[in-house]
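Take a look at the structure set out below.
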Amino acid sequence: MNRKILIGVMGPGAGASEVDRKNAYELGKLIAQEGWVLLTGGRNMGVMDAANQGAKAANGLTVGILPTDSDRGISDAVDIAIFTDMGSARNNINVLSSDVVIACGMGTGTASEVALALKANKSVILLSEHPESQQFFKSLSAARVSIVQTPVDAIAIVKDLLS
Amino acid sequence: MNRKILIGVMGPGAGASEVDRKNAYELGKLIAQEGWVLLTGGRNMGVMDAANQGAKAANGLTVGILPTDSDRGISDAVDIAIFTDMGSARNNINVLSSDVVIACGMGTGTASEVALALKANKSVILLSEHPESQQFFKSLSAARVSIVQTPVDAIAIVKDLLS
Amino acid sequence: MNRKILIGVMGPGAGASEVDRKNAYELGKLIAQEGWVLLTGGRNMGVMDAANQGAKAANGLTVGILPTDSDRGISDAVDIAIFTDMGSARNNINVLSSDVVIACGMGTGTASEVALALKANKSVILLSEHPESQQFFKSLSAARVSIVQTPVDAIAIVKDLLS
Amino acid sequence: MNRKILIGVMGPGAGASEVDRKNAYELGKLIAQEGWVLLTGGRNMGVMDAANQGAKAANGLTVGILPTDSDRGISDAVDIAIFTDMGSARNNINVLSSDVVIACGMGTGTASEVALALKANKSVILLSEHPESQQFFKSLSAARVSIVQTPVDAIAIVKDLLS
């Protein structure tokens, strides 16, 4: 089996904070350094773009699952572009294709991805300063939601989940 | 323009409580009495089935957007079955096709629908005893989330939103 | 079981000929007269619009499965609008949700629908003056493809398939 | 821009002939030797599996867009697995994500992919002994359909289209 490990980093686009983007860049770099493939929503903004830039800075391989049918608006740090033309319905593909999902920051799109990941029995790591989301997703699935404070902690949990 | 008003009722399947099912039945009945079309996920369990049974008890018209490719597992109170064969990705179709979304109860699938509805700038009415979900979705979008205690209150807000 | 029979009429939008549109109008009218629900791609052009207009002229019920996320470009003769925001991927939903598929005219989108219908083991009726499509689809599935010359003949075959 | 070139090889699964599989293996090998990424439907049978095996024999990178939600039935020569859980609706993603589509052999699924590719204004290369498909797709779009007899000829046309 050649199948590579894909780690999904989900987070806000236009609504990302500077902390979210810094964390996403660091997550992308650490994922690449572990030899894993980074999967994101592929757009040229916010968490998606920052994670891809971080992964490429560490010579990683990056996959973007785009909501559109063409490369307008794509992050220039995406290697493999999957064009779905499905809008937010592609969020389900994002989580099904990720061995582990890391949510970096929070917003409506990210919330849908965390919920869809839990629906599909995926483990989710929340890296977010947003207390309501921690309480809500813990209430939905205490066993499969981990809460972390730093990218390094997130990667430690991914390693644990994959082993 | 012949287009009818579709009101979506989203909620847990197997995980629905008795209160959820009772509320869903009542919502279905009230929606039908207003002359609106009921839209659900179409399955023969939980909130989906109860809402459809309520709507048919009041001679309403019901649409089910199924995750499957055939009518195995469909509620027998669905009039118009749309087979997507898309699993949970069909949740986005549910909310895009609803003029207003009512979440009756809470679970991972329902949470994804509320989040996708807010992402698409839809108004969402939460009828749920689940305080973490109220706080979380209010934190995502205070303006477009309404919290109600009864089906009658939900319908009053729908009327207000449609006018 | 309340589930109604849905008959799909698929055909070109902007590329429809006058004969295609006339046949589609007649098909919509005959489908409504049989008490079946008409399903189309829902747009305000070509075969989709003509079939919906025909069905409404006979007081039928019409379902449109739109490629978009909103009602811009929708036929005003659609009663139940399902917004997929999935572009041409919605063609698979069109055929899975139709008890029988009638292709009225031919084009790239229609060809994809006929192929997807055959892939899903659906019966397809071709009403088209396009000899290459008859030969091609017959070569893919001789048993499940019927070729007809008139809307009346198409409806006769639908009745036969449903019985 | 880091985006890599993806070449899609589409063809029958269980229904593939020995010639189809031999051609697919050769296509996969040649695509890898050009430094392009191979994209297929990802399953462990027919043209999909053969193309992936050929690409890996030449140390290529392979992407599989699966109809399922998990790796049951996946080709062991897929590097990057995208799980759509969308059945045949994923065929539209296959073609939108391919810079050029090569159809190797013919069947109902492959026919839907060729039609969807033409609908999306993609160029399609037909490598098939099936005269009805050549005539049909040429009749749909003479300008964007190329017919070839060998994998080497297919690759020559891809190079031409990309330049």
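Order as written gives the chain letters A, B, C and D; numbering starts at 1 within each chain.
One rule holds for everything that comes next: contacts are C-beta pairs under 8 Å (C-beta built on N, C-alpha and C of every residue); 3 or more make two chains touch, one makes a residue touch a chain.
On a predicted model such as this, the values are computed, not experimentally measured, just so you know.
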item	value
Taking each chain's C-alpha mean as its centre, the one farthest from subunit A	C
Chain pair showing more contacts of the two, B-D and B-C	B-C
Superposing rotation of subunit A relative to subunit B, computed on C-alpha atoms, to nearest 5°	180
Contact-pair overlap exceeding half with A-C, pair selected from A-D, A-B or B-D	B-D
Computed distance of Cα centres, subunit C from subunit B, in Å	28
Subunit B and subunit D, separation of their C-alpha mean positions in angstrom	40
Sequence positions of subunit A contacting 2 or more other chains	69, 84-89, 92-93, 120
Subunit B contact footprint on subunit C (complex, rising order)	1-4, 6, 37, 56, 62-63, 65, 69-71, 74, 76-86, 92-93, 96-97, 120
Residue ranges of subunit D touching subunit C (in the complex, touch as defined)	86-93, 106-109, 111-112, 115-116, 118-120, 130, 132-133, 135-136, 139-141
Residues of subunit B that touch subunit D when the two form their complex	69, 84-89
